[in-house]
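Scrolling down, you'll hit the structures one after another.
Two complexes, one shared chain (subunit A), two partners (subunit B, subunit C).
Moving on to the complex of A and B:
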């Protein structure tokens, strides 16, 4: 889901940078109010986890690959705004050092994976685990569902961003200037592979870590305020 | 053992296991992620290379492109796995340092 350089036109790139600026500012303000100094190491662990879990490319035999993001997990533990910052750092490092995701697409990639994904997953988890005891199975299920939905909403948005490009930028004879596939191909491709395969990876990863933490450190599940 | 210590150990295990992210796609003959094709692949898929894409695609020269060393792209899986692990360590180290720095600037002290 790391949109590379060249796939999004300048208008889309600029739009998402402009959209992310106030989001990053808000995230910094909220985290400044809510994050305790003793939670900072956990935030660093969360960012590193997200970084490395994205390296676990899962294949669709004979087809494409994809991966989990881990963003919903970080949001459950530290809140969606702290998760936004952690995932943003991971995505920027991936783009700058490893060319994974474009420089021009950092705004869009962060909107999908560092903002919408953790925010959606976090609030869904809150609703589904409402009033559930810390050690209950409902929390594990809620985490899995939140991970599945969170990554799928992000993938759907990435599909829309890809798919809009031929409409926005094309030559007189109809050749696309940037990503060549329209909405009717990009959205089903991105949404479909995440609904069928990669969404389940995010679900399982999120649920398993929550299960592990229930046994090892239930206090971490007490609150994940923004 | 503190929970953070356990989680750091978990991250270490993930670093060691990370080449699975190379081996599994290779074994199942899976290609790039959707929408993350190189110029050659996109020419095959779409029949042409979009002009703007061609220009922008080369915009950034990453020091460890695709989690390997420059010039190692054609080496075997064992070399690529080694580079992948080094990349994981380097990337996670930078990520951790940046987040710790941001955390230090933002977080409430003494709580």
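Moving on to the complex of A and C:
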């Protein structure tokens, strides 16, 4: 889901940078209020954690593997706004040092994966697990459903962003200048692979991690307040 | 965990950034700004010739920076451009991009044409992606990663974010080591491939365990920060120096960009 440079036109890249600027500012203000001084390194450690989650190859039926984004998981563990900053930092490191995800597309990637994904998933998890004890199975299911829905909403938005490019940027004779597929191809392609494969990976990883944490360290599940 | 090993090799190899080459000798701030300028130029141009010129410049800079070109091509072409190539192939045909047919053939009774619009659109898309990725990777290969993260202050990014990036970078390395060692331990005990559901449990257990360890680490990191003088506001040292060479490089980039803009808007219209 990391959009590389060259897929989105300049107007889309500029729009998402402009859209993310107040979101980053709000996230920083909220986190500064809620995070205790001694939890400052937690943001960086959370960012490194979300970076590394994306590198885990998760086995899927048929002998292949896929990878999870872990956005909802990080939001459940750190809180939605702290997750927004942590995932942003992880995406910036990936784009700058690894070339994974474009530098000009950082705004769009952060909107999809550091804002929409963790916030949608986190609040869905809160609703579904409302009043559930820390060790209840409902929390595990809620985390799985939140992971599945969160990544699918983000993937749908990425599909819309790709699909708008031929409409926004083309030559007089119809030649596409950036991502070449319209909404009728880009949205089903992005939504389909996430509904059928990557959404399930995200759901399984999010649910199982919450299940293991319930057994290993349930006190960590109380922390998501950022 | 091949992705982790690849990542470790790609990110933490400061070998090329330490070489005495052209790009390594430039001030990281000037280099980053000019490279971003190139990447924006790549994004804005609508001309294949300009993209080819910029890609050729990128390869020349690779040579002058004493980076093995074979390694650079492998590093830049694997994954994103190859993936983009696969994405671009269907866009060549009239079913996706209608237009003036260049080659027409029939497959299983279905008449297909590669259109001029499809071919140029796909070529432009591929070259744009490849050239952007190449410039981004070249910047990362020729700049010490710590310096590259510190440079972000030039763009007015608050110090707290820059500090978070710096700490995050250090802990990625540590986490990669932890995960690698855990997988090696699992491999040595299991010794064979496991069913995918068991594999999913192993991954989830690893992530949960990593978070548990990360959380415990937080207190130790904070104590270490306090012992080094952290008093609530991050202070980052600034040891960058702009030299005459940087001025020359900047002049070269401005002249080249003006020349390319002239070619694009006056000669190729």
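Convention: the second predicted complex is superposed on the first by the 203 of 226 C-alpha atoms of A that agree within 3 Å, B and C clash if a C-alpha of one lies under 4 Å from a C-alpha of the other, contacts with A are read in each partner's own complex, and residues count from 1 in each chain.
Quick note on the criterion: a residue touches a chain if its C-beta (ideal position, glycine included) is under 8 Å from a C-beta of that chain, and two chains touch if they have at least 3 such contacts.
What you see is a predicted model, and the numbers here were worked out from it, not measured in a lab.
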item: Touched partner set for A:127, first subunit B, second subunit C, both or neither; value: neither
item: Touched partner set for A:190, first subunit B, second subunit C, both or neither; value: first
item: First, second, both or neither for A:21, with subunit B first and subunit C second; value: neither
item: First (subunit B), second (subunit C), both or neither touched by A:73; value: second
item: Which superposed partner A:85 touches (first subunit B, second subunit C, both, neither); value: both
item: Which of subunit B and subunit C A:158 touches, first, second, both or neither; value: first
item: Contacts of A:6 with subunit B and subunit C, given as first, second, both or neither; value: both
item: Which of subunit B and subunit C A:48 touches, first, second, both or neither; value: both
item: First (subunit B), second (subunit C), both or neither touched by A:174; value: second
item: Residues on subunit A lying within both footprints (that of subunit B and that of subunit C); value: 4-7, 9, 28, 37-45, 47-49, 51-53, 55-61, 63, 67, 85, 89-90, 93, 95-100, 102-104, 171, 175-181, 213, 216-217, 220
item: Residues of subunit A that touch subunit B when the two form their complex; value: 1-7, 9, 28, 31-33, 35-45, 47-49, 51-53, 55-67, 85-86, 89-90, 93-100, 102-104, 158, 162, 169, 171, 175-181, 186, 189-190, 193, 213, 216-217, 220
item: In the complex, subunit C residues that touch subunit A; value: 1-4, 7, 10-11, 36, 39-40, 42-44, 46, 76, 80, 84, 87-88, 91, 96-99, 117, 120-122, 124-125, 128-129, 131-133, 136-137, 139-140, 145, 148-149, 152, 158, 160-161, 163-172, 174-176, 179, 196, 199-201, 203-212, 214-215, 217-219, 221-222, 225, 232
item: Partner subunit C, residues of subunit A touching it in the complex; value: 4-7, 9-10, 13, 28, 37-49, 51-53, 55-61, 63, 67, 70, 73, 77, 85, 89-90, 92-93, 95-100, 102-104, 171, 173-181, 185, 204-205, 208-209, 211-213, 216-217, 220, 223
item: Subunit A-facing residues of subunit B, complex; value: 3-4, 6-8, 11, 14-15, 17-18, 20-22, 24-25, 27-36, 42, 46, 48, 50-67, 84, 87-88, 90-92, 94-96, 98-100, 102-104, 106-111
